[in-house]
Amino acid sequence: MTLTLEHFLTVGALLFCLGLVIALSKRNAVGMLMGIELMLNAVNLTLIAFSRSGVSAEPIAGHAFVAFVITVAAAEAAVALALAVAVYRNRQTVEVDQLDLLKL
Amino acid sequence: MSELDIVGPQIAILLAAGAVLVWDALLPKQRAALPWLALAGVAGAAIWTTTWVVRGDFQTAFDGTFALDQFAVFFQYVFAGITAIVIIASIDWVEREGRRQSEYYALVLTASAGLMFLAGARDLITIFLALELSSIPQYILAGWGKNQRSSEAGIKYLLLGAIASALLLYGMALLYGFSGSTLLTGIAAAIGENGAENRSLLIVATVLLIAGFGFKMAVVPFQMWVPDVYQGAPTPVAAFLSVGSKAAAFAVVMRLFFEGLGEEFLSNDWAMIFAVIAAVSMTLGNVLAIAQRDIKRMLGYSSIAQAGNFMIGLAAISIAGEHFVLGASGVLLFVAAYAFTNLGAFIAVIGISQHIGSDRIADYAGMWRRAPFLALALAFCLVSLAGIPPTAGFWAKLYVFNAGIRADLVWLVIVAVLNSVVSAYYYLAVVRQMFLGEARGEARLPVSPTVGLALGVATLGVIVFGIVPTPLVEAAREAAAIFATG
Amino acid sequence: MQLTVLVFLPAAAGLLVLLLPARHARHARWVALLGSLAALALALVLFFQFENGGGFQFVDRASWIDTGAFEIEYFLAVDGLSLPLVALTACLTVVAVLVSFSIEHRQRAYFASLMVLATAVLGVFTAMDFLLFFLFWELELFPMYLLISIWGSGRREYSAMKFVLYTVAGSAFMLVAILALAFSAGTFDMAVLGQSNIESAVLPLRWVFLFLFLGFAVKLPIVPLHTWLPDAHSDAPTAVSVMLAGVLLKMGGYAIIRTCVTILPAQANDFGIWLTAIGAISVLYGAFVTFRQTDLKRLIAYSSVSHMGLVLLGIGVLGTTAMVGAAYQMLAHGLITGMLFVVVGIMYERTHTREIGRLGGLARQMPLIATALVFAGFASVGLPALAGFIAEVTVFLGAFQKHEWAVLMAIFGVVLSAGYILWTLQRVVFGPVRQEWDGVSDQRYWWEHASVAGLAVLVILLGVYPDFLMDMLDPAIGVVSARVAT
Amino acid sequence: MEGAGVVIAFWALALVTLGAAGGVMVSRNLLHAVLFLIIAFVGVAGFFVLLSAEFIAMAQIIIYVGAIAVLMLFAIVLTPRTMRDNSETAMVGPAILLGVALAAVFLFVIHDTGWGVREPGWVAVTSVTSEPGLAAADLGRALLSTWVLPFEIASVLLTAALVGAIMLVRPDAEESGDDA
Amino acid sequence: MSDVPGINEAVLWAIILCPLVAFGAIAVYLRKLPKIAGYTSILAIGASFALALVTLVDVLGAGGHVATHTHEWFQAGPLELNLGVRVDGLTAVMLVVVTSVALLVQVYSQGYLEHDPGYGRYYAYMSLFITAMLGLVLADNLFMLFIFWELVGLSSYLLIGFWFHKPSAAAAAKKAFIITRIGDLGLLAAILLIWTQGGTLAIDEIHELALTGALSATTLTLFGLGLFAGAAGKSAQFPLHVWLPDAMEGPTPVSALIHAATMVAAGVYLMARFFPVLDAAPDARETVAWIGAATVAVGALLALVQTDLKRVLAYSTISQLGYMMLALGVFGYAVAIFHLFTHAFFKALLFLGSGSVNHATNTFDMRRMGGLRTVMPITFWTFVIGTLSLAGVFPLAGFWSKDEILLEAWHQDRALYAIAAVASFLTALYMFRAVFLTFFGEYKGGEPAGPGDEDVHFHGDPARPHESKWVTTAPLVVLSAGAIAAGWWAWGKQFHEFVEAAVPAEALHHAPDFSYGIAISSSLIALAGIATAWAIYHRRLVEAAQIHRTAYPLAVLLERKFFLDDLYERAIATHAFQHGWNRLVQAFDTTAIDGAVNGMGRAGAHSSRVLRHVQTGQVQLYGAGIAAGVFVVAIIIFITNPL
């Protein structure tokens, strides 16, 4: 059998949705963050698959994109964890479902 | 070198950010100078932009990934204005908060640089990076306050923002995969070539983009974070969020959707979606705002409703033909007017709340007695938000409605006008509290010069553009004109 | 130039009032009086300089906002239809100031609002640019809101808000229609719109007409959009009731003739019969409800609904005679109802009640006021040789040929009005003397005499010498009806 | 893309990656979750290699595994045990529903779209060197020419994030210190 | 416009203006100085009277021909309304009647209202009324006529309610105005009709239209009926007569002038004015005749059972007005005016007489009078003269006019004649009942002067009644002269010709000649009536109570005035209208309309309170919102715009 672009995209899509589910369901901020990172990974996978598939006139763009996504992801993670720590310091918890001071 | 010249304004601001940090490190005793240093950077950016206006040879750079055109210039001015006002308005709060002031200003400047980049970005990668450059500092700023609410707002904002940008990225990836290019022009070309047969993909990609930017615009159903974050974040930051990222999001959506996804068969779809989202946002935002007791939360909901009004313009743009300029310029006008108005409102809230230590509308009763200037300014801004003449807000609404009507979106405009009735109700309710309510405590509130200055500027803008909107309108039209040619 | 001065004179006076130092607050009323008198004088000058049948005169125009999409002008002018209304407004403003002489609470703010209100109304009657017209239309909201909710009585805030929301809701639709018209005709110039034949607009012209009508009908008011009126009247201070009944309601009738009928003659022909029907229904409905009122001011308010129904009836006929009658009815009703409210206001000041049940036999304790009330009452019953009669008969004579049924309904309404007015007089003025009112003083202060006598003289003048108005109205209306006829 | 090895590799990687992701989902202990996460990262990196994007794969390993995951570990380890619970909220049901729905949409469009693949079969991936074109050098060149602007932005972004993060985590005590 | 030399327009206007000036003067600055007010008013009316005589002479000189002077008042579009005066025989007669009676009444009032605090007000109102009445008579077009018609109604309202602190007076005033106003509905409708159909309101042009048949029969009939509705209201024709008895709440001179001699005759004048229309519209004429007859009967019957002297006179007025209408209905144009003319004198006389009696006894209740014959002879004799004249006894004025009416009726329709004849019997009966109860028998003490109402015009002691002063009695004497002689002057047809010159000849039917049969029979009927009254109320051959018992149902029916007041005021006005329909409408207004408005507001606020609970603060929920948004939006597009 032959592997086609769709195979990789499918994996990407599944990974993305899995990450989404995790991000939406986890109680712990760090847990949510993991989901988000998985989503980004899925995006990266998709991008690379595209740039490799030969669809792209300029495959390099995909790679560049991924490089930036990875960078941003790192920054985001750093900030996220920092905020988590700040929250923890204030509230002695990082369980975001307990963060509901703000409503009504 | 010319390429650096093109991004000069952003560079100026970033340099200022650096300078602020260095200054704080070297002369920790001269903290008072920090905000003015930051303002100098903003001024520099504005001046630099002006030189471009004078030079007038607008061009794209970096292999077409970035453009400096009237559109970008317009927004650079808007963002410069926003940043300046926010910085001035922050001074008091920052001093009281006591945290490292330099970082605060540095982050605000960085974020505004990101916004400015967004205005000119014409390439998916650049757009994404600029977006993040503006977002991440805002996440941090939202969590800047010492209290629990602030950090809670920060982390909520960040997590949701991250999810949104992941969706956005996936959409971008799909677009890239389809067109093989990250340049808007390239995407447009590919769509023109064989877009029609792959509509499903394009639609999903579009929707993902809408989700990503809709989050920043704060439109239903991507808006739920808004009230929480506005309420929790430090008020100056909330002010910054409410106008800065919203405006930027609209700027980039206009460029992206019009230059990249402007193809007829596609634009009909997203125009329809924009129209629906506009209607829903307005209605939901207004209805929810009615019952709010916390003024910042109320402003949050109102900003959702306002986003709905912006969107009428977007929906109108998509109708090709000579009228779309009207829609585009309508959005721009609205962005500018809204920036002044909403900033004014938030700053007034800063001025009042910092003294009475409460954001409850009920506590604003009788403000007219205790702080005439603040009350009057706030009243003006609220009236302008309600879109009642003679204020900038009225012209913005008028212009957008006009665009909507010309784009055969009469039903939407009717929804909008009815909504403006509802909004008039809760805006005026606040005004009523301030002017007719029984004052709680007779002590007159002091108005710090900086807040006064910022508020004065904003309110003046509201009134001046309310009486002579022509220059603003002109600018908006020139800025929008690029789409006519493009 | 004269018109500009005339329109903004009151506002200027109002500004002056605001600038008065607190210790001179007592003199606010004098400043206001002088301002309104000056306006009245100027209005009279124009009135006598006016050349009957000379179309629009005293033109003031300048380009205000020119956005390639549409141009908005500052354009004031009067014709035979609007000038009498302008004069009426000037007169009633003076009266309103006079009856406010006994105001003690926050005088400066009060008189300032009153003056601004006058400017807004004058603006509505003189504006010839549709958008400018709309601006003045909206401007009138602020002073009304404040006047009712600060100096009112009873559920004043409820009533004030009700008034505002009703008007805003109406004007929202109006705005849509205005934009649609301006878009299809390419101009906001009402004079031009009034001559151009508009075949189509972005939304069916039927809807344009209805939207406009809706906006004006709220002000008129027609059944079933009238419920704000009794509340506003019963809770407003006397002067505001005078202005409200005297001129604000007239804005509706004026606008229907000036815009609905003149700009959309074809639609007017289609809907004419419906307007007439609504008018006739309002006449009867208002009368029936009036019978049930126990509060003097509510009673007058509902009778206004009945009498303004006659205006709509006349307009709906679209004939010169009937429309002249309608216009005349507006003027007559303005003076008569104004007088009624003045008298009731004075009574209220003395007895502190408007409950018909509690009053009675006042002809003995306050003969002058009682006489004035009887006079005004009979005027509003449509007694010959008084203003109301001329108007009613003209409407009837003009309308009978086209819609006998409506006229017969209206005549019945006139009999009913005799019924409720006389019944009221019987219960308030006549009947056994009540000891509890023995102390109360009769009409006493010079300003009371002045306002009552002035109005009475005008009512008689309009009743016995109608020509000086008819000659002015007739040509102006003739133009309109000619447009409809073709 | 021919070659049994590649096919097998693909399926294996897919299994590993998605499985690991599933592990992140199901594991109740945050530490285990992080370990699963790392496996997933590595799996993705494997895909990159399979798609002959070795440089990216390397970056993936270094940054995700080396930086982000480690960062998370620290965060978790620094917070007390009570905070290591990785259970779901009540939202889990709707979340899964949504995930499935979106997955359906995505898969539909992915297979509905006719990707204009230029050359039919893919080049079999045997070694890093044998694949010309997408070398790290090209990427570097691109980043410094076409995407120099994002590149610079990214650097600023990292700085800003760094500064901000430090500010957020620094305890207030020190501030009063350096204010004095 | 035919202009007759010798008739000066200025004079005509002056006739109207004199009293108006008086009114203005009194209203503006003479309220404080009552005496001067009285003189001013009398002076003004005297002037009008003089001018009226001048006019009469002129018109006589011109052979009763018409003179009109018209001026445009205002015009709106095609509509053009005029003000103008028109004088002819009819007008001249009316002028003289109005001014002369008015003059006498004003003099009389000097004494009657001497001590009334409202003295000045009274003269102001009276002057206003006279202005209006003269304007009504002189108007040359229907519109102007209508104006003064309404003003007459106003002054009537004011004068009935003169003693406004008496609830009964206030109510009566309102009742009078509203009921006449209901009639005016018809008049106004007629005006609108004639304007839209005929395009004119000028009297003689309307005559033209009627005679040339330019208008359709229906139009004419409707027009005629409309006019008659107005006339019926003013002239208290059945079933709109109910206001007139209550109007007696006003001062007696007012009753004499307005509610006996002049205003109530305005309806008759109106119908006479437009006699050609009646002539051309048979149905309308028939209606007038029969309504007239009905009024005659109703008035006479109700007069029988009244115990209040003035009310007796009021009902007799109604009855007599019925005669006039009846006459018009049977082509007796001139006769009607003739009867109007004579009736003015003797009815005014009777009212003033009753006033004089009231001055002596402080009451109008005949059960508290009696035996006044001796103490106030002048009043007595003049009153008797008036009564005889009213009863139609030869050779007094009433005889001639009533006789001719019977004659016309006889020739036109026997049924009508029968009613009229019976009524004339009743007339004699109730009038002499009044005479006997008032002046014969022994005095029953009158009404003690109550301290209650502060502006009683009463002075002296009811226990010891006495004759009134000359200002009161002099008018009585003068009027009795009229009551005797007014008929002779008309004897020998010049009155007819004079009056008939006012309408186009084609419209006239030559009145049948004097018939001894009718004359003698009617005299006998009258005498029979007198005799009956004598038998019952003086000789007491039959007890009144006895009759009352035997004819109980009828008695009740009469005492309750055929239940008309109950029907109008209670059943219709109060229950059906105010507490029924109006309450319904108002309930609809407050609950349905206003309720809907407020409901909308509440609904908004409520939904807001409910909806905001969606915002739980749960970040997962928010995120789910975003993701769901993506899915929903995509699906929406796919559905609305399928691939």
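Each chain gets a letter, A, B, C, D and E, in the order it is written, and its residues are counted from 1.
Note that a residue touches a chain if its C-beta (ideal position, glycine included) is under 8 Å from a C-beta of that chain, and two chains touch if they have at least 3 such contacts.
Source: prediction; values computed, not measured.
Path length between chain C and chain E in the chain contact graph, taken as the least number of steps between touching chains: 1. Chains touching both chain C and chain D: B, E. Inter-chain contacts peak for the pair A-D, counting C-beta pairs in contact.
In this assembly, E is the chain whose CA centroid lies farthest from the centroid of chain A. With centres defined by CA atoms alone, the chain at the far end from chain C is D.
Taking the mean of each chain's C-alpha atoms, the chain closest to the overall C-alpha centroid is C.
Spacing of chain D relative to chain E, judged by their CA centroids, is 104 angstrom. As a whole-number value, the distance joining the C-alpha centres of chain A and chain E reads 97 Å.
For this pair, chain A with chain C, the centres built from the Cα atoms lie 66 Å apart. With centres set at the average Cα position, the gap from chain B to chain E is 79 Å. In chain A, the residues touching two or more other chains are 9, 16, 19-20, 23-26, 32-33, 49, 53, 55, 61, 64, 68, 72, 75-76, 79, 82-84, 86, 89, 96-97, 99, 101-104.
Within chain C, the positions touching two or more other chains are listed as 165.
Multi-chain contact residues, meaning those touching two or more other chains, occur in chain B at positions 125, 128-129, 132, 136, 139-140, 143, 151, 154-156, 159, 163, 174, 177-178, 200, 203-204, 227-228, 425.
The set of touching chain pairs reads A-B, A-D, A-E, B-C, B-D, B-E, C-E, D-E, using the touch definition from the header. Against chain B, in their complex, chain A makes its touches with residues 9, 16, 19-20, 23-24, 29, 32-33, 36, 39-40, 42-43, 46-47, 49-50, 53, 55-58, 61-62, 64-65, 68-69, 72, 75-76, 79-80, 82-84, 86-87, 89-91, 96, 99, 101-104.
Interface of chain C with chain E (complex): residues 162, 165-166, 223-224, 226-228, 285, 288-289, 291-292, 319-321, 324-325, 328, 361, 363-364, 378, 383-385, 389-390, 393-394, 396-398, 400-401, 404, 407-408, 411-412, 415, 418-419, 422-423, 425-426, 429-433, 466-467, 470, 473-474, 477-478, 481. Taken in their complex, chain D has these residues touching chain E: 89, 91, 94-95, 98, 101-102, 105. Partner chain D is touched in their complex by these residues of chain B: 7, 14, 21, 28, 62-63, 65-66, 98-100, 103, 106-107, 110, 113-114, 117, 123, 125-126, 128-130, 132-133, 136-137, 139-140, 143-144, 146, 151, 154, 174, 177-178, 194, 197-198, 200-201, 203-204.
Across the complex, chain E meets chain A through its residues 612-613, 615-620, 623-624, 627.
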